[in-house]
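Look at the two complexes coming up: chain A is in both, with chain B in one and chain C in the other.
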Partner chain A sequence: MWRIRLLDHLVQAATWMAGGLLILTIVAVFYYLLAESRYAFTRKFPYGFRIALQSPDSEYRDEVSMDPTASLLATHREGTDELDDAEDATRLPPHEELASMQSLVTATAQTSDPAQLRADELFRDCMRAPKTAEQGERFLLLAFAMPSYTGKTMELAWEPDVAFEPEFAPYEFRLRLLRAPKGISIEPIEINLNQQPRGRITLPVWKAHSQQEWLNGYLFELEARPTTTTTVATLQQFFKPDWAPTILYARFGMLPLLLSTLLITLLAITFATPLGLAAAVYLSEQASPRIREWFKPILEILAAIPTVVLGYFGVVLVAPALQKLFGEALQLTSGRGLLATALMMTVFILPTVISLSEDALRAVPNSLREGAEALGLTLAECVRLILLPAAKSGLIAAVLLAIARVMGETMIVWILSGGTPVMPDFSSPSAALATLVKPTRAIPDTIAIEMGNVEFESPHYGHLFLLGLTLFVLTLFINLLGFAYRKRAQLQF
Partner chain B sequence: MMTAAVATPAKTAIRTEGLSVSYNGKPALKSVNIEFYENTVTALIGPSGCGKSTLLRALNRMNDRIPDAVTQGKVFVNGINIYDRGVNLTRLRREVGMVFQKPNPFPMTIFENVALGPRLHYGLRGRALEEVVEDALRKAALWDEVKDDLKKKSGLALSGGQQQRLCIARMLAVQPRILLMDEPCSALDPISTQKIEELIVELGKQYTVIVVTHNLQQAARISQYTGFLMYGELIEWGETRQLFERPQRQETEDYIRGRFG
Partner chain C sequence: MEVQATYLERVRAGEWEALAARRDKARLRKNALSSALFGGVGAFTILLVFLLLAVIVYKGAPTISWEFLSQPPKEGMSAGGIWPMIRGSLLLMLGTFLLATPIGIFGGVCLAEYGERSRIMRLMHASVAALAGTPPIVYGLFGLAIFVLKFKLGVSLLSGWLTLTLFSLPVIVLTTESALKTVPSALIDGGLALGLSRWQTLWRIALPYAMPGIMTGVILSLGRAAGEATPVLFTASIYYSTAQLTLGWETLRQPVANLPYYLAEGYRQPGVVPDHLIWGACLTLIVLVLLMNAAAILIRTCARRRYL
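Up next is the complex of A and B:
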């Protein structure tokens, strides 16, 4: 007797331990994701503008960034400080030498205080260390002509540095004229570079006749004024539509990845739900016990196919078929993309949908089927009017659990997505088709691809964890909803 | 105590001829010949497992649901053998309604439970449908209890007795002429049982009612005719009073006097 009781106690203890372990795991995963994603919030927000003084007929009018005389005012060199810059940057040569090279000059200094300007401490470019969202920055810029310049006017032209987009930096950028040269009367100039990221203003010509006179030229200031805190900025940027974490002006907008995950899931569930439901109805209401005996193990085998196999199956069969179908119209180099991924996801999730839906239908008591039949309902009417509504909670639970599984499934997207983050575009039928068939990049494969190469505890690393956290919260929420529906289904009868 | 009066036998509504049913080759009903009259309540009694439900379910071909069941013999409803090929099951079940031992309302509102049949079978909508539903609920003596939240309350939210009357209303709404009831009170409390019994007596005036019961007193209270089954055989059948007071066969006598099971 006592032995049996001991056994009961042991079983109970094991049950509690297993449950506790499960909850502990969830909490631990959540905590870990949260803890590691804090490195996302150590990120800096680099920016850079190219500014050049040009003659009105300059060949670089529309591409300031190509102009060899342009100055780059930027904060993108990780790990440098102002002293390093002074050593690294190229100093402007002496007056005569410079005059032999170019007739219009922009020059910048390490200082941001006009009183500290010194003619022998001027540089073509100024690059400072990247800033957090709270840190402002000021750059000084001198602009003047050489005596040899013959034009009647000159123009200060600016544009964002290559691959920099002002909307990905949480600053308000202003270019303003601090001081015009003596003897030149000109309206005050202040330009908001966020609103006008590229442009040009005409200036009266002013010539410097000696190196010392450089300092008397037009004195501009580029100011970057913080608009928010790093935390807010990081989160704001996280929901922007561009993911390019490794370029100079890194972008951590995960919207394309999230939308891709959602689209793949939507497509896969749209394919799998009707198919799975039909199969489940057939199995639970129509199939003879013998067919069911055959079908169930087949389902289990299908559900047990490793996802890597499904992925390569997709590469070998589905992607080439899609390429054949759409290759010419869309100039595809491979059929990998959203649709290929969604199709294999359908195969991946179908056994689960069928199995769970069949369970849901079987949970409907037989007495309802008898009641329906005694009332003269045909099988189809019984399914439509009685069984599906009665099993609704269980069926919703099945679909929700399937959604959560598709969202988190990594291998299939990794192999089949094509690995290119793009924003879905449904503005026209051809754009929609391209969105569906062309390569994409979702959240799980992004984590899988990038985690291997990322610098440990860098902002990029933190952002990958932020992605993981997003996925985890999404799937956890959907799973919980699914369990709630399952609970409801169990309590119903 | 109410006692059902014996009416002069009316027309036959159902007649079986050599009706046998076996499950997996094991006979559960052996060559039964019985008649059920119009506007009469017939009770089927007998020990548990003797084939009462099997007989009842053979009368509207509910045994078709069971893959292992094999039925032989004939059942005439309005002169047509329902086991003939080409018989329309939907029509048969519109004609022959059924109520089960355990109330089985559908998981939908009270109104929907009752409206489902007539909407499907007769295409009724709107006012006409509501009238049929009200009429069925009134006949099932449920109207007064549910009329206020007809379209709000789920059929599952009713008490057991109310659920059973809802199932009776659901059956009546498709306008059958023959009602099959398989131990309709066995899952209910005494007060609900009494209500259903009164209802059966009332329905017996307009319908051919066949009630399976294992409760002899109940059979005596509600029926004009009774059939007694044992081991799958119809031992005897006839007017209830006669069967209870002057049984023809020893088995019947033993069973009624409580000398059996």
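Up next is the complex of A and C:
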């Protein structure tokens, strides 16, 4: 007897554990997507400053090398937690510390013979990305002229790198003079680069005759101090229409991906709902039980066709047809694009819509049908006036479920979308047509494609998780809404 | 069940009566038209299925041979067979089956047994519904974050199993729940009246009765898992593999090639894998999935015969 009771308890425990696992899973999915998204917020700095020492008559040249190894005499000073206003007076590094900074020496060694450099090439770029948002970074810059330099003054010039947007800047850049060379007295310099992103200051010339003397030159400090807007800035960029994660200054605006996902979903649902409803009405109201018995397994076969295969069908059957139709007008290289994707999505979602709507229609009690028939209504009228309104909740649930599945379907978009992130443009009919037919890129395929060659724990990786989180939250919302409607439908009859 | 007509509905019923009293041909014409439309769409759907299947069989059948099914790819994937991918898909399915079935059945029992009595049960119902509709790519990301990186299982068969298990779990749970709900309460009450314990009733009466329904759900969800490349994309997949039959403990920690991923990469990088191989793999995958479906349908039909 005790054995049976023990088994009773064991089974009960197993049941609760399995049920708990389900709740745990959804919480864990949410938590881990959120947790991995944090790397999106510790991103590298998307822009920087180019700073050069040059002779006053020279123009600032645009083709400054972005290669970090080319930075001459600019070094990165560790110990960022000492970023503190109070210690302004004491931040001058001792001479020995400067001399011991390996990067000063190695940076020099990596460049061609310093003696041949002209003053305006002396130090080129100190553009560096602070590694994380939480920490600030600072760079030390030594400014001096070569003995061969003939000018009376030299000029420190800076300009923002591409895409500098002070209002979104998660960092505040400050350039300040820490120390002037001996024998030269100038005003203290401190410039907020966010407020003055482009400018130049003139310095009295100071020449270094040996490598040891370099260290006595003008010592500047460039400080990147995090402002409180890091999170806001990341999110603001997240909702901008520019997805270019692999370029040097990566942009993570997911708006085109989101809109394209929504557009594909909208189109697919617009196609699939009337078709699915009609077939469901046929199945539940007109078809004989024999036909229905055959129909259901066939529908299941359609539902079971793997989405990879459906995507390939799109490539083989739908895309060429679309290219033939619109190819000349829009100069398409292939028919892959939003419309092709939406069409295959329709095929993908059709069985789900049909069988769920059929369930909803069959849940309507027969007394309603009989009443309609007794009144003398035709079948079409009965469907329109009585069955559809009665089954409304169930039908809405079916459509919502279909929406969530289309949104998250990956393989069809991966194969068929064409892979170019573009903003949908409905400003003119021709633009709208181009938007509909031309290649696009949605959220799921972006994750699938880019996760393959992303560096783990990089901002790009974080943003892919942020995309996943967006998708998850969207579908979660829709699913729960669908769940509520389904429950309402169950309670109704 | 009776449906009570509200006042509004009674008013509208008056309209319907008026409509029904009209005897014009337009109404009948409209009815015939829409009936034809409904039937037409139904026929279209069936045609669509047969069209898709016919294209696959037509294009893929010439490739199928014993060599194609049993040999690894050769010459940089431009020749040879797809055995490693079939093997990988089967391995993934097997492990998922072993892991997901017991958990899914217990989960379904939990949902069916305790109903929506408490707040936590309502939460459970809602989370199963939400999980069932969660996109496979989200499972893939989750698997990457937790199994591959957090538990340090790496991109491996094991991570793939766990991810696919989570992916197919909700469907199994839901079908188990609905199958258990079809068990007549007279049977259960009879069992309890005989003095069986709750567990014995479940084990001896409810589960055997519901088993065909449960197995149908399990097989269908396995079929879905087998055809879905996305959850295993980052957790278990490798594009190129020449692995033979060897199996061992280290297989668990190695990535596996599988059919859907092979197809997905094959389409995306046109020219690497020749078309006829892709079509052959398509056909193989479909046959694999449809065999599972056929098994599910068979079980259902047999069970219906037995109980009706």
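Here is the rule we use: the second predicted complex is superposed on the first by the 293 of 493 C-alpha atoms of A that agree within 3 Å, B and C clash if a C-alpha of one lies under 4 Å from a C-alpha of the other, contacts with A are read in each partner's own complex, and residues count from 1 in each chain.
FYI, a contact is a pair of C-beta atoms (placed from the backbone, for glycine too) under 8 Å apart; a residue touches a chain by one contact, two chains touch by 3 or more.
Fair warning: this is a prediction, and the values are worked out from it, not measured in the lab.
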Side-by-side fit of chain B and chain C on chain A, or clash:
clash
For A:S367, using the defined touch cut-off, is the partner it touches chain B, chain C, both, or neither? Pick first, second, both or neither.
both
A:L375 contacts which: chain B (first), chain C (second), both, neither?
both
Between chain B (first) and chain C (second), which does A:S288 come into contact with in this model arrangement: first, second, both, or neither?
first
Contacts for A:E223 in the overlay, against chain B (first) and chain C (second): which applies, first, second, both or neither?
neither
A:L385 in the overlay: touching chain B, chain C, both, or neither? Say first, second, both or neither.
both
I'd like to know which partner A:V347 touches here: chain B for first, chain C for second, both or neither.
second
See if chain A has more residues touched by chain B or by chain C, and give me that chain.
C
Between the stretches 57-65, 111-119 or 183-191, which region of chain B is in steric conflict with chain C after the superposition?
111-119
Residues of chain A that lie at the interface with chain B and also at the interface with chain C
365, 367-368, 372, 375-378, 381, 385-386, 493
The residues of chain C that touch chain A in their complex are 1-3, 12-13, 16-17, 19-21, 27-28, 30-31, 33-35, 37-42, 44-46, 48-49, 52-53, 55-56, 103-107, 109-111, 113-114, 120-121, 123-142, 144-146, 149-150, 166, 169-170, 173, 197-200, 202-203, 220, 223-224, 226-230, 233-234, 260, 263-264, 267-268, 278, 282, 285-286, 289-290, 292-293, 296-297
In the complex, the residues of chain B that touch chain A are 60, 62, 65, 67, 89-94, 97-98, 100, 102, 104-108, 116-117, 120-121, 156, 167, 170-171, 174
Please output the residues of chain A touching chain C within their complex, sorted ascending.
4-5, 7-8, 10-12, 14-19, 21-23, 25-26, 28-29, 32-33, 35-36, 275, 278-279, 281-283, 285-287, 295, 297-302, 304-313, 315-317, 347, 350-351, 354, 365, 367-368, 372, 375-381, 383, 385-386, 401, 404-405, 407-411, 414-415, 444, 447-448, 451-452, 456, 464-465, 468, 471-472, 475-476, 478-480, 482-483, 486, 493
Complex contacts: residues of chain A adjacent to chain B:
288-289, 365, 367-378, 381, 385-386, 389-390, 492-493
